[in-house]
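Input: structures, listed below.
After this come two complexes, each holding chain A, first together with chain B and then together with chain C.
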Partner chain A sequence: MDFDWLFFAEVTLAALGNSALLALTGLAFVLIYKATRVVNLAIGEMLMVGAYLFFSFTAGLGLPPWGAILLAVVGGALLGATIERAVIRPMLGEAAISVFMVTIGVGSVLIGLTEIIWGAEPTALPDFMGKAPIFIGDAYVSRKVVIGFSVAAAVIAVFLLAFRFWRGGIALRATASDQAAAYSCGINVPAVFSLAWMFAGAAAAGAGILVGAVGGIAPTMGVFGLSALVVVIVGGLDSIAGALIGGVLVGLLEAWCGTYLGGEYKMLATFGLLMLVLLVRPYGLFGTVEIERL
Partner chain B sequence: MTDTILDVRNIEVVYNTTVQVLRGLSLSVPRGQVVALLGSNGAGKSTTLKAISNLLDLEDGAVTAGAITFDGASVAGERPHALVRRGLFHVMEGRRIFEDLTVEENLTAATFALSGRGGPIPSFDTVYDYFPRLHERRTGRAGYLSGGEQQMLAIGRALIAQPKLILLDEPSLGLSPKLVEEIFTIIARINRERGVSMLLVEQNAAVAMAVAHTGYIMETGKVVIDGPVEKLMKDQDVREFYLGVAGEGAEKSYRDVKHYKRRKRWLS
Partner chain C sequence: MDMNRRQALSLALGAGAAVSLGIRPSLAADDIVIGGSIPLSGVFAFAGIGIHAGIQDYVKIINDGGGIAGRKVTYLAEDTAYKTDQSVAVFNKLTSQADIHLYYADSTAFSKTINAELDRKKSILMAGASFASELNDPKKYPFQFISGPDYTQMFDILLQYVAKTKPGAKIAFVHSDTEFGRDPIAAGQEKVKALGLKMTETIGTPPSAVDVSTEILKLRRANPDYTIFHGYVLAPLPEFMSQAKQMGLATKFMGTFWSMDNSLWAKVGDPADGFMGVMPYRYYYDTDGKSPMLEKIRQMRPEYQSPAYMLGFLTALLFLESATRTLAAGKPLDGANLKAALNSLKDFDTGGLIGVPISIPGNSIPVGRVYRFDAAKKLMVADSDWIKVGG
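What follows is the complex of A and B.
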């Protein structure tokens, strides 16, 4: 039997689009975890709110897409800052599990608010990317997937570079490494926390717009965050590069299994990968293994 | 009072609202001088430094009485990073370098201490001049430095911050005698060449006295004796309990030490 390489290529390219979105959501998660050691389970809901904000600005207020994207991303950043200031900072110093539970609560509240404001019905985002298909070689790729992939890849690259070379990125890593020592170097630690949440909120909102553009929006679209959680655990909770690689791995695996084995094997494969990685590398593929000098 | 950079008056510190660690401690650091704060384990030396730099909050501690004045203004209610930017740098116990960052990034992190001062960021060469070994390893991860190099980096961060006062917590911790000597020589040089005042907490009294101008000795949360180092060196009790030398100057064998017989005079 002949293997249909063209079909395989198309499935893979489409999967890469999904991978990039997973990686972008994973990035939002990693940013928060790296700076504040908070496992933020509300990331999927922050993503959803971002998509709804975009929906309001375009369909509701009739703004041009680029303006709506900008406003939605800013709105996502504000949402992140608000959550941090109002809910997370008072929990500073509490047990990690308490903070973790609080973020689950925040997620539920966001879903509830969304249903009150926008209703529970799924809707489609107005088309803002155009429909003309793109061909890479002979393989057909949807325009949305190409745009989604490029944007997500660019954003991740910017964050990677910023963490390495920008002074603020160093402050963020310093804070992640040792809070008291960061204070003693004159770093404004609470401001770093706010900043991390703002960047994460912005990244999540951007991911939300892209996810919504491909699959439509609904108050339940936050479950996308669950896949992103797998991504960051596979990649390492505190590694941006890990989110990138993890996103690609999970995205490809999901698509291949879904296409060749059937949709019901998607979850099996993803969580199988998760277990495998955790067994071999408990810190994730690229997570920081604590340096211990004796 | 213009020549006093740091003044601590009768402070009391309570951890977790239950455990009292400092009981009416007072000390002062004259501008440009090195002051040693000595004492045994659990006397409250590190707590004193954290009270001054306002890092107590992170450990559920609070100053419940007394006043701390740095450079003419109270430190009460100041955020720790704001104090650093005012020129009070705390080199914490156990070095506390950022292990995942490179040596250079560690120094870059310290440049945040200069925010709001408007001056130029000093070249890292000032640090490398004092500690050439850090230059060799500037692009390596700080977590892989040796203990001595990590201490050098911790002091290097303080240099970048261009402080008026450095609080040094046990720079000799876990280092070989040779390295301790090297580090303290440089500490003395920094004080001499840059005029930075220092409050130095040490268990190793002999080496601390060698660089300090004034000394305070504390036990169970308060100062029991203080004065110029020359005076302390002559004090019988200090010699015996902190420097480990007997009256005639001969080293005492541990076998002969009978703490239960000889009571410290200041406690009676």
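What follows is the complex of A and C.
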């Protein structure tokens, strides 16, 4: 039987959409870990709050989508800053496992608050991406996939450039390398921590809007954050490029396995890859060698 | 009075404890007691809140009418967050505090876990939120029942509708790769063959899947006339339907009970137009035929109530009808007598909650109706008559 290359191309293009969502969420993990060495398991719930904020601004207040996106991203950044200042900073100096557990608690609190404020029912986000399909050659691609991938790629590129050229980004990298040295150079390390959480909150909110646009929103949607955790472990917990490449790898692997072997093989393939990477490169494909694991 | 932080905290905790104790209904020795492990928080809270309200309302109706044979009905329930260990803990706590006769279970896992204890106690009749086909086995689950068709029977109802509407139609199943999602798949595939339909594709999606673009591409290649979803509430159904429309796919989409809440689809809007599914109960707003019980519900709660509410309400109705029949026969309220009373229901009128008289020969009510979402009306409208399948 002839191999259907058009179908393969469509599946591959579709996979890039999922890859983009994973990479953007992974970016939020990486930003926080890179600056503060905290593995933030509440990232999925921060993503969820971003999606609900967007929902409130569009469906509730009737704002245009661009305004709602902007406000939701700002809201996500404020949420990140609040969590850092109120919960994470008092934990400075405590064992990594304690901070890790606190982030699990923060996630539960965010779920509870979401259920109180917005209710427990799943719902759909208002359509803001349009419906016309896009064809690349003969291959069909969903509009949401194209938009999601473009946004995620642009955001990751901006962060890569910011870390390379912007003063704040350089301060963040310096803090990540050596906190004491960063202090001695006059860098305001607590402010850098806040900045990292704000950026992560903003990235998570953006990812939440994209995830919600594809899959709808519910207090349980934070579980998507756990899928992204696999991506950053594969890519390297402190590597932004690793989040992107890990996202693409996991997205493609899941799509190909799901299509040609069956949906039940998706998770098997993903976690198989995770185990393989941990065995061969325990710090991830692009992670710094000495990073500590929990 | 000066108060330090610790004293203030103690006072607040004390007040909280007093409030929680205060909301527990007082219990008399001869009360008929319904216990409940109810998911008021967690992933299933959207349903648990409705179920809880439905049970409370029916209990209120009965108590306002003087109870059953002069005995008051008391409903004791606690939140489980949809966690099996917590559901078991609530069961143990409530059954140690009160003489429970009837019990509402929040999940398939809990129904299966607690079954041995029900068999040991022999004093409780249980039903719940699970429509798992496995529970529809009176030998294995003698003290349990399902307040509707099980998932296999739901598929049966949908497939009978398809076979009648479009004989020889091509069918695809899309299910979540969970115990819930896989439940009716194998039996459904057999039923497709038996009804002369053609199975073209079965697609499983991982439980955490958000983007289903690749699955939609598979569906396009299969090009079925009908696609039946199972194992989901809302996501990823709207995405499937919206992308299928973009691709010009003519397949009709169908779902099972937990995907049939009208309020969910009303929010989805146009992409949901034409979505069909099986419902064992009338919708809150249904006015066709006589339905005095729905009238009563609408009087008690003027705003829309979900199918989960109807499930809770009907379960309480069946619980208490069984209790009424047991007491009328002069028998003690134990598991065997309550179950026998339930199984004695023949052509029983549920007050219009279900559009036809029902019988419960085993552990389920094998009847349902196909509804279709009309986006212009923002309502699920009946698309078939009530369909009975083999019990």
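Keep in mind that, in the parts below, the second predicted complex is superposed on the first by the 289 of 294 C-alpha atoms of A that agree within 3 Å, B and C clash if a C-alpha of one lies under 4 Å from a C-alpha of the other, contacts with A are read in each partner's own complex, and residues count from 1 in each chain.
In this text, contacts are C-beta pairs under 8 Å (C-beta built on N, C-alpha and C of every residue); 3 or more make two chains touch, one makes a residue touch a chain.
Here the structure is a predicted model, which is why all the values come from computation and not from measurement.
Bringing the complexes onto one copy of chain A puts chain B beside chain C with no clash.
In the superposition on chain A, A:G284 makes contact with neither chain B nor chain C. When the two complexes are superposed, the chain touching more residues of chain A, out of chain B and chain C, is C.
Once the two complexes are overlaid on the shared chain, A:G26 sits clear of chain B and of chain C alike. With chain A as the corner point and C-alpha centres for all three chains, the angle toward chain B and chain C works out to 140 degrees, nearest 10. After overlaying the two complexes on the shared chain, residue contacts for A:G208 are found with neither chain B nor chain C. Shared-chain residue A:G222: touches no atom of chain B or chain C. When both complexes are overlaid on chain A, the residue A:G242 reaches neither chain B nor chain C. Contacts of A:S142 after superposition: chain C is touched, whereas chain B is not reached.
Residue contacts after overlaying the shared chain place A:A174 against chain B, while chain C stays out of touching range.
Taking every C-alpha of chain B against every C-alpha of chain C after the fit on chain A, the minimum distance is 25 Å. Comparing the two complexes, no residue of chain A contacts chain B in one case and chain C in the other.
Interface residues of chain C, counted against chain A in their complex, comprise 41, 43, 45-46, 48-49, 177, 203-206, 208-218, 220-221, 233-236, 238-239, 242-243, 245-247, 261, 263-264, 267-269, 271.
Touching chain A in their complex are the following residues of chain B: 53, 55, 58, 60, 79-81, 84-85, 89-92, 96-101, 105-106, 108-115, 141, 143-144, 147, 157, 161.
Taken together, the chain A residues at the contact with chain C in this complex read 7, 10-11, 14-15, 17-18, 21, 112, 115, 119-124, 127, 131-133, 140, 142-145, 148, 211, 214-216, 218-221, 223-224, 226-227, 255, 258-259, 262-264, 266-267. Listed in rising order, the residues of chain A touching chain B in the complex are 93, 167, 170-171, 173-174, 176-189, 288, 291, 293.
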